[in-house]
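Each structure below appears as structure tokens.
In what comes next, subunit A is part of two complexes: it sits with subunit B in the first one and with subunit C in the second one.
Moving on to the complex of A and B:
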């Protein structure tokens, strides 16, 4: 125990001494995270020669800092201009953007930065402490259990649909249908591809994200002079707004804790990712809130939940990578390649043979989050100026830089046109009262749900009861049921209570 | 469902576009999996079936709203004359042009042309000099960051090739 503490302290001090790598990387991460199509994984691939040329410790610190800051950066355009930088930030604009429109962009950014940093820091410490237990979570999560995890996320459609049930369900199920485009996972039969070979792998997420959010938003915002709702009431940014945001986030510390833990657990499961974590966290946060009706109108808790959760995922992803050698996502897979190049062997023995590498990655994450609070938080004052840029300049910039971002991941010109098509769909949806977030949830989670569903059915020879065949799965089913039923019961009780007060 | 007396009538023509597209897409999707193995059919028949049901409910509701006189078959919530005067139609045209031209002219030049023409349309011809300056600055900044510094795979045209030649020789 004493030895471990000494190693941790030594690694912490060594990591801090790499501040000259971490700080510039944080800013790089903010930029690449904020532009759709430029994920941390893409950037690490682009800068792979640089990473390999660095020392092992420097390379790892660079990759980890980029990973964490890109995750946080994706939330910035989501809040300011309703454009999530990655699918992991797709739930952020649900409450972040309404805050920006109300002239609280700076406050929303501070809330997001504090929730992301504290959520990330806390889950890193927990992951470090509970690594042996967390590493086993992946073993217990089979396709049947994963179906329930997906349904936790998809149930957010029902919450969105609560505002207009029929339109919400149409948007959600249309998204699920669009998500089904491509070949089926068992026999690779092409379905609904309109004859385009480019759709055989399914609908690519970045063009869908760019079209539904960025392009359609650009066509909507030109109706106003600036993004904030009251054109003549644009408040000058001040440090007070940043501090207010910090206070709001700190007051809800418990919310940060439990939603980031959702992210940690989902991050540990290989194949699950930040998008699932943020949708699940948002849905659970709304379900157990005393004020669910405020969600979607610019409620701080609706912003805290997805931001804490998607940063909780970052530390979770490292657990199976380091303990089992199984990368939990694309960025972790690239880290694995770099570490293997430097001769690092994975598995439980890593912490005996090269403890500085094992603990060093978590420490790099912790130090990155600590430095992020001090470097990014003051920037919220300046970033919030985006909401005051005249839309005649902002809208074309959004379109050009996000459309070309849709091209980058696969380098198909087809993806540019696909983003435009999704833009038209998103524009029609927004103008006629359909929720684009519900469509996107379907597009993201639909294919995953189908994959796990088919795997379960194949394993059981088509027996649907396989969905209820495992103890953990049944516990999760019960939790899902409770998370859907309990909020309705609580709401009914609150209504009865308030009626009672009025009657008295 | 009931509207206040002073609220505008629901434009059901516009509201029906998404359900109509959803039905057309679902039926097309079913046609592509009709003779496929059950693994390709099971979840999509389930999802598509529910989507068709919800769309049917929407059209029944829309019919009731129409009958009660609280809505009409207009498209006023989707297309108005203001879309032309505000420059939205112009912006859409330049966006389509951007997608077509970028493959031929490359990122930098197309971005400059797109930004300047769209900003010019949206500002109704005002501040031409400022717009040209800001468009050129944005396009060059994009080239410098994404193509020159990071060597990302943005579409390349004669400007990018020329700059590559200049920088490699200079």
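Moving on to the complex of A and C:
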């Protein structure tokens, strides 16, 4: 115990001394996270020669800082211009963007930064302390249990549909149908690809994201002078708005804690990721809120939930990597390759053979989150200016930047056209009252649900009762049922109570 | 008409001789002057961060010095690698500036399952980077401790077995084991090496089969119980026996062979460029720096073995034969 504490202190001090790597990397991460199509994973790949030329510790700190800051950066355009930088931030605009439209962009950014930093920092500490236990989560969460987790996220479609049930469900099913395009996970048989090779991998997420959110948003905002609505209170940016955002977030510290824990738990499951976590956290946050009707209108808790959760995933993905040698996600897989070049062997023996590497990764994450609070928070004042840029300049910039982003991951012209097609679909959906987020949930979570479902069926030789074959799975089914039913019961009780008060 | 024909030895020699003759007979034909003048793009039909990524980076870190140009990889893992191959054949210029880095065993098996949109002889593998046998392994905490445990349990109930993809030499090795012993196995494609290792370690499946290079890289999270070929690395694969020794079988080695491929048209149109590629490829294998880079990327030195076009084409043919034999089981037909 004493040895571990000494190592932790030593690693912490060493990590702090690498501030000259961490601070510039934070800004790099903000940029790559904010542009759809760029991510920590492909930036690490591009900069791999640099990473390999660094010392082991320097390279490790660089990658971890980039990973954390890119995650946070993805939320910035999601809030300001309704464009999630990555699929992990797809739930952020649900409440972030309405805040920006109300002239509270700066406040929303502050809330997002505090929720991300605290959520990330907290889950890093918990992951460090409870690593052996957390590593076991993957041993219990198999395909059968993951089906239920997916359904938690997908049930958000029903919440969105609550405003207009028919349109919401149509949008959700359309998304699920689009999500089923591609080859099946068992025999790799192409379905719904219309002969396009580019669709064999399924509908690529970034062009879908760019089209549904960015391009359609550009079409919408071009009809206005600025993003902020006429009803919005356009205040000059001030430090007060930043502090207000910090206060709002800190007042909801418990919300940050439990939604980031959802992210941590989902993050430690190999193959699960930030997009699942953010939708599940948003759905849970809404389900157990006393004011669910405020979600989607610019409610701080609707912003805190996905941002805390997707940063919780960041520390979660390191757990299976360090303890089991299994990367929890794409960025962790790239880190694995780089660290192997440095002679590091991940797995159960890592903490015996190279404890400073194991603890160092978490420490780099903790230090990055601490430094991010101080370096990024002040920027919210300047970033929020984006919402006041005249749309005749902003809309073309959004379209050009994001179309480049749609092209970058696979470098297909097809993806540009696909983004434009999704843009038209998104525009029509918005103009006719269909929710693009419901479509996107289907596109993102549909293929994952199908994958886990087919694996479960394959494992059970097609027996559908496999869905109820595990104790943990059944507990999750019960939780899902409760999370769908209880909010309705609570709402009914509140309504009765308020009617009673009025009657009195 | 069956478009999938493999290149036999005679056909290969004819092609090579014709290409060489054309190079000398046609002065106007593009020559290798200044080749390579720019970087070489390489399509890899698997995901970044996996075994192919590691091998590619290790090999090209030396090859680029000898050839004097950079290699730029693009990863297209979709549809069991078919996307990468279709893109290479359909969209990459056949000019020797575009190469393919594939895994002969599993990827050729794809063509046995589902015909591609091009003729399989329209590309050739010209150089093997490394070759490792597939193996059967369990998670470190699995209740199945030995291959006998697996066979005994497989006779009581159908065991779920993780595999990278259905059409994979490791899957064929497993099916052969089932045929021989009477144990029942149910293949679950876990989409890539990382997922296959994770499946065995976390208990998603009872055990997994995979190329042994990736299993060794997974370290002490896993334990190898059987090798579908010769265990030439001994302890690194937990001294697991070969399937043929353990069960008196005569199964050909189930191999994962990572090799560079090129358009046949590029070989025909740019024989000088192709000659430079093959020559420098061989020189890279002879360079001691390669072994250092390979070991640094967690490769097993014993697996780093050079092979040229002829050996690669022979393996392609062998895989096509095996694929045809096990097609019904692997394709769910």
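Everything below uses one rule, namely that the second predicted complex is superposed on the first by the 501 of 504 C-alpha atoms of A that agree within 3 Å, B and C clash if a C-alpha of one lies under 4 Å from a C-alpha of the other, contacts with A are read in each partner's own complex, and residues count from 1 in each chain.
One rule holds for everything that comes next: a residue touches a chain if its C-beta (ideal position, glycine included) is under 8 Å from a C-beta of that chain, and two chains touch if they have at least 3 such contacts.
Since we're looking at a predicted model, the values are computed, not measured.
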item	value
Room on subunit A for both subunit B and subunit C (clash or fit)	fit
First, second, both or neither for A:472, with subunit B first and subunit C second	neither
Touched partner set for A:171, first subunit B, second subunit C, both or neither	first
First, second, both or neither for A:130, with subunit B first and subunit C second	neither
Partner chain in contact with A:324 - subunit B first, subunit C second, else both or neither	second
First (subunit B), second (subunit C), both or neither touched by A:389	neither
Partner chain in contact with A:180 - subunit B first, subunit C second, else both or neither	first
Touched partner set for A:142, first subunit B, second subunit C, both or neither	second
Residue contacts with subunit A in the superposition, subunit B compared against subunit C	B
Touched partner set for A:407, first subunit B, second subunit C, both or neither	first
Touching partner for A:215 - first (subunit B), second (subunit C), both, neither	first
Three-chain overlay, closest Cα atoms of subunit B and subunit C, distance in Å	8
Subunit C-contacting residues of subunit A that also contact subunit B	185-187, 189-190, 411, 458
Complex contacts: residues of subunit C adjacent to subunit A	47-50, 53-54, 57, 74, 76-80, 82-83, 86-87, 90, 110, 113-114, 140-141, 158, 160, 165-167, 186, 188-191, 194-195, 197-198, 201-205, 217-221, 296-298, 331-332
Residue numbers on subunit B that touch subunit A, as the complex places them	11, 14-15, 17-19, 21-22, 25-26, 28-29, 32-33, 36-40, 42-44, 47-48, 50-51, 54-55, 57-58, 61, 77-78, 86-88, 91-92, 94-96, 98-99, 102-103, 107, 111, 114-115, 118-119, 122-123, 134, 138, 142, 150-155
Touching residues (chain side subunit A, partner subunit C) in the complex	41, 45, 48, 138-139, 142-143, 182-183, 185-190, 197, 200-202, 270-271, 320, 324-327, 330, 333-334, 336-337, 340-341, 343, 345-349, 410-411, 451, 455, 458-459, 461
Contact set on subunit A toward subunit B in their complex	38, 43, 46-47, 166-167, 169-171, 173-174, 176-178, 180-181, 184-187, 189-194, 215, 218-219, 222-223, 391-393, 395-397, 399-401, 403-404, 407-408, 411, 413, 416-417, 420, 423, 425, 428-429, 431-434, 446, 449-450, 453-454, 457-458, 462
